[in-house]
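Contents: one structure, followed by commentary.
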Amino acid sequence: MTMLAADRRERRAMPDLSPSLKAKLVDRAPILIPVAMLVLLVAIYASLREGVFTLDELNLDTAAALTLVLAATGQTIVLLRGGIDLSIGGTISLGTVLAATQFRDDPAHVVLWTAIILVIGALVGVVNGVLITALRLQPFLVTLATWSILSGTALIILPIDGGGLPAFWMAFGSGNWLGLSSAVWLLAVLVLFWVWFRRTRLGIAIRATGSNERSAFLSGVSPLGINIATYALSGLFAAMAALYLTTQTGAGSPTIGKDYILPSVAAAVIGGISLFGGRGGLIGTIIGAYILTIIGNLVFVLSISSYWQPIVSGVILLIAVLASSIAERSARRSLT
Amino acid sequence: EGKPYKIYLSNNFVGNDWRQQMERVAEVSVKKGPLAGRVDLKIENVEGTVQAQINSLNNIIRSKPDAILIDAASAEALNPTIKKACDAGIVVISFDQVVSEPCAYALESDWTRIPAVLAEWMASQLNGKGKVFVDRGLAGAPISAQLEKGYLDVLAKYPGIEVIGNYNGEYALGPEQAGVASLLAAHPEVDGILTQGYGSGAIKALQDAGRKIVPVTAFSYNVAATTCAQTEGAACILGSNPAYLSSEAIKLAVDILDGKPKPADRHILVNGDFLATNGGEWTSTLYPDAVIQKIEIGKNAWPDRPPGLTLPITPEWVEITAEEAAGG
Amino acid sequence: MTDFLEATAVVKRYGGIVALGRADLSARAGEVHALLGENGAGKSTFIQILAGAVRADSGTITLGGQAYRPRSPEAAQAAGVAAVFQELSLIPDLTVAENVWFRHEPLSPLGTVRASTLNAATAELFARYRFPDIRPDREVRRLTLAERQVVEIGKALSRDPRVLILDEATSALPPAETEWLLGLARSVAAAGTLVIYISHRLGEVRAIADRITVFRNGETVAAYETQAVDDETIIADMLGRRMDRLYPPRVATSTGRVALGLKGFGAGSKLSGIDLDLKEGEVLGVAGLQGHGQRELFQALFGLGRAEGSVTLWGKPRDIRSPRAALSGRDGLALVPEDRRSHGLMLAKSIRENLTLSVVRRFTRFGLTDPRREQALVEEMIRTLRIKADSPEQPAGTLSGGNQQKVIFGKMLLTEARILLLYDPTRGIDVGTKGEIFTLMRRLAAEGYAILFYSSDLAELVHVADRVAVLRNGRLAAVLEGDDNSEHGILRAAMIEPRAA
Amino acid sequence: MINLRRHRAILLAYLGMLLLLLLTSVVAPGFLSAAHLRSTVVLAAFIGIVALGQTFVIIGGGIDLSVPWVLNAAAVLMTLAAAGQNGPLLYIVPLLLVAGALVGAINGLGVALFGVPPIIMTLAVNVILQGGILVFTGGAPTATAPPAIQFLAVGRIAGFPVILILWVVIAVVATLLLSRSAFGRYLYAVGSSAAVATFSGVPTLATTVAAYTLSGFAAALAGMLLTGYTAQAYLGMGDPYLFTSIAAVAIGGASILGGSGNYIGTIAGALVLTILTGLLPALNLSNGALLVVYGVVILVTVSLGSESLAAFLGSFRRARRGDGAAS
């Protein structure tokens, strides 16, 4: 069956008739389109609010988006592989709970527990990867189960929101260097990581496996190895998301992780990643996360009466995605 | 006294009847009565996540309001953001689902007193002896834990009462009914059910399973009151968590902004009356001052009004009608 | 004395299906060793075992005197075995260069793969082996099947293998590229590599193979020195029976009535100004050098992509905007597509579901499908085309390559359309079945079908088509018939400008 | 033989379901009582009906995240419009079923015609519906379900739950559609490979739109029926059905990526999830422990259907047999 599941991405692709120069542009469409969407939204936003083009705005929005960005980074890697990871919900909850209950006011201790939390996140991913490969189960089901197990563990450790984080930890979260908040710096590091990672052998292999599993296998990619690596990275980034989240909330929250599952997928998909694997990248996902954040800001400054708020945010999202989908379609059609 | 105060209400969740009544009542209470024209109220709803409420609060803080009222997604996780608001000179009042940040007021029902009275009532119904189910509410929610603890602490004083089952009612009818139904299948005998929700779901589960109706504790929704009043043999007590907590929060904010003396304690408890099928006949020894009304059709139970209406409807300082509370 | 590669009594079963019953093969370093057998004989299974993609149930293999039992493709590559897989092993979303070096990319000091390095290395590799012109930075997704096959060859060569396996590597290649590959295989062998060569084109085998091993039903039935054996014997070994001839006699059956009429037909920038009539009872061949509009012609006729000009079917003007519109029953058109894995087959679905997908209406009564009618259609096709399968419920993806192609052919036949667009329909099909398909094509023509026929094998066009339309730069360069319809004639028309008319 | 192989995942899902039921009855004998089995079936039916649409959509290679609020909207609007009376149901129910179907059709068009990723399309529609209901009702608390709906949801005919009868009918129709209709064939084809389907003349657009339409229809139906269970509609009643409907389909053996699965499997999935949720309260565990158990049980149940577990056990058996023969 594994063999038959291969080719997914290729088989879904619509007949590609005649390549040409415009092809390059269309190939870049998955990233260009969210970029255009973001530009448009920011333009509207800026026309409604003062000071949108300031560092303050950047700092605030980045802090607001960063937990989602980190969660969605792991999800992006998994989606590129052609899988899905629901367990990040559990890992994030557990991560915040461990941080809030274990961190003490001693930096060395905090470093130790930060490492432990990151290792736990990665180990969760290893377990997911092994189960998915060894039992040949759908990622959806395996990670649904591990999500539940991890959430339960978080609730056992801390039944309701609570605990506390050391002052210096919180100070880092709201810190500012050279006018840029810690969130912006972290984001910069993340982008650097991605620029590096996507060109590593592992990065290429993950994308390749999502693009065509059978071909990747025939080319020497180990199914077990790639799944372990993919889900471990996802777990690792979920743990990072949890750690960053605690700098914003100052507490452990045993149920908070579920809030990031669907949005992490949504951010990636808005950013141009296909659920069938193989195409797209983190930059799109980051833009997707910003789009979701900016929509929230927009709805606020539009000063919409309360019940209309969800409608308006849904409609903005729909129009943006619809417009870009149509643009991409017609671009692809005009390719003759 | 010139310009109206700019006050934001940040609500983390709109998906139930209580929250909607809460918002409607807030809007009504700045349109008439003593606060008419004094408040420019803006309601911001977010879709249930801590992150969304943090982001929304940040937006609110940037627009420099006089006060922010918060029905919070988390008792802890909003604290750093709330601290920011306080530091910016904004009056912050958390209500209903309150926060622990000391700079913000916390206006809520008395979650110690309510479960204590309810459990005490149950014990008296059972004459100190029997088997009960206890609703645990929603996993991870602080109020759920408080209510459960409140129930258990009182029940522990009655050695004859045994908690034989727990379920998560999640403050929704479906889960309450399904949860009780499962427990009924597992346990041939049960003598009382302490819910955190509607109670009517528990009664319906008893009826569906063909069991006798046992005493039930619940909260004062219209559906709970009417079900108790209309069901043959039902015995109930309903605690109240008034939806007009929002109005009270607005009032408090205006008072503070007006420069009236601030409350001594950041914690402010609002007590609504209890409703019971045997109201008037039974009094609490733990809280002798607790008012316990008798459930009566037409007085505090209205079969022709929406089942999700929360009682009591109006605070004392402004008259809110049932129609206004029910909206529509 | 043992040979460089010795495989003895190799067995592979899939559940109840015996893919290899008892396969032996013995081959020397520095030779081109052909592996022959009819569709489903187990050739690809055997090479997948060599390539580490499948593990044998039993049997022994030695390579260079050492026991060889690769646990994974990676292990096989490490042992110096590289394969061009029949199904190809390319990643559609990576570039040509990324595919060629996949899993052994040259790394920068930061552990990254630099596009420029990769492209340069690919260009160098391609130049060394005189590859046809393919840009290293193109995404494989956008390549034609023939181009992909070429890239797959580059990918295998990039490993500098001790054993190079070519599993039907020429099946989609046009004549010029085929010549190139044959030369390449010879020169690689001359440099000491063992080349295992699988093909259903006996001519190629004869041209390059030093030795031949023949499989039948998963077992080795014969091994020869190439010069010591004639084609008839090989074919008899493969099929277990003798075959009188490959090509049926060509009896002109055209009625003159125009089945498919094209005026000023074109598609995008690749095809324009085609005036052509396909007659009832005729097999009209289509030829041209690679990339001169043949694919576009077939696809545009089938309603894929935008077309210009006028089209008549059986005398009536028709505007075909989608395959669905093309597949309009007896008066419509049906297509055997170029890319069977992406466009022809649902690999995870059964043979039955694949065969009948386009004709569900044929066995639907009162809104419900009738399994017995369906079964009858399916069994008829399996019989007619000799599809080798365990049962009609076997997933199409587990069929041998040739049998997959037969399913696609059968699927097209079931549509009952009387205008058939056959794009390389015999690709990967063994000689025995090929002969039957040609016979079938001529019979259908005699029954009044009209067939447009492209083949990457010129000989097929020459022997089966009544006329051959040659395309050059997206235009009709010539229509050849009679004595002009020869390989030489076609190539000349495809390459040389005609005298001004 | 062949069919057994093909449907092993489903058989094993049912096996898992039975094991779970047995386990449950060990924990609490009352679980096998007619009354509780009946109430389990009723609860499973709601999941089963929502998951009907989800099954079609997922087989076609999509996903429908709009079911919570299609369900909720139908429930709220039905109770409000009927105001506890049976009479108006005659036109309200068909109207709302059509409305649900229409929302589904919009999802389908967004996905198939405009190429919006299903996750985003249906997520946005869900949010819009949620807000729409709040605006439309002005947040008015909801009314009581009419008696006829309550009869459909929890009533009995000759001891059988009415909804079970309804569910069986739905299951038969769904199974016929999937296995014996042209639409079913087309759906599997679109989910397996949109390109192959197009090349084969499958009406891919209509097929996709039809699947989402059916999902909207099913969610609306489930919503109205669900009000009969709780006797009233309430906001948020659809939320639990998002993940459960998808999980039921997945546990039933369908690939989340499309092209495979069937409704018989989904039924097993719905039953597994319902029995499990029913079992948990009887275990008297803490909230955290419950979630851990839930996850472990899901994992074990789906592992039963796993090919490689079966292959592993098979090879183990074969090996033992081989040993025996040798000695």
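Labels for the chains are A, B, C and D, by order of writing; each one numbers its residues from 1.
Going forward, a contact is a pair of C-beta atoms (placed from the backbone, for glycine too) under 8 Å apart; a residue touches a chain by one contact, two chains touch by 3 or more.
Just so it is clear, the model here is predicted, and its values are computed rather than measured.
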By mean C-alpha coordinates, which chain is most distant from chain B?
C
Based on C-beta pairs in contact, work out which chain pair has the most and send it over.
A-D
I'd like the Å distance between the centres of chain A and chain D, where a centre is the mean of that chain's Cα atoms.
28
Taking each chain's centre as the mean position of its Cα atoms, how many Å separate chain A from chain B?
36
Separation of chain C from chain D, taking each centre as the mean of its C-alpha atoms, in whole Å
43
Suppose each chain is reduced to the average of its Cα coordinates; what separation in Å results between chain A and chain C?
42
Can you tell me which residues of chain D touch two or more of the remaining chains?
127, 130, 134, 138-139, 192-193, 195-196, 198-199, 287-288, 290-291
Please output the residue numbers of chain C that touch at least 2 other chains, ranges allowed.
304, 342-343, 346-348
Note: chain A residues in touch with at least two other chains are 1, 5, 11, 13, 15, 155, 159, 254, 307, 309-310
For each chain, which other chains does it touch, given as pairs?
A-B, A-C, A-D, B-D, C-D
Interface with chain C, chain A side, in the complex: residues 1, 3-7, 9-11, 13, 15-20, 23, 27, 196, 199-201, 204-205, 207-208, 211-212, 214-222, 278-279, 333, 336
Provide the residue numbers of chain D that touch chain A in the complex, in ascending order.
61, 65, 110, 114-117, 119-121, 123-128, 130-132, 134-135, 138-139, 192-196, 198-199, 243, 246-247, 250-251, 255-257, 286-296, 298-299, 302-303, 306-309
Chain D-facing residues of chain B, complex:
14-17, 20-21, 23-24, 47, 136, 139-140, 165-168, 172-175, 177-179, 181-188, 200-201, 204, 208-210, 222-223, 306-309, 326-328
State the interface residues of chain C toward chain D in the complex, per the touch definition above.
15, 302, 304, 322-324, 326-327, 335, 337, 342-349, 353, 356-358, 360-361, 364, 367-369, 371, 391, 393, 411, 415
Under the definition above, what is the set of chain D residues touching chain C in their complex?
2-3, 5-6, 176, 180-182, 185-186, 188-189, 192-193, 195-203, 259-260
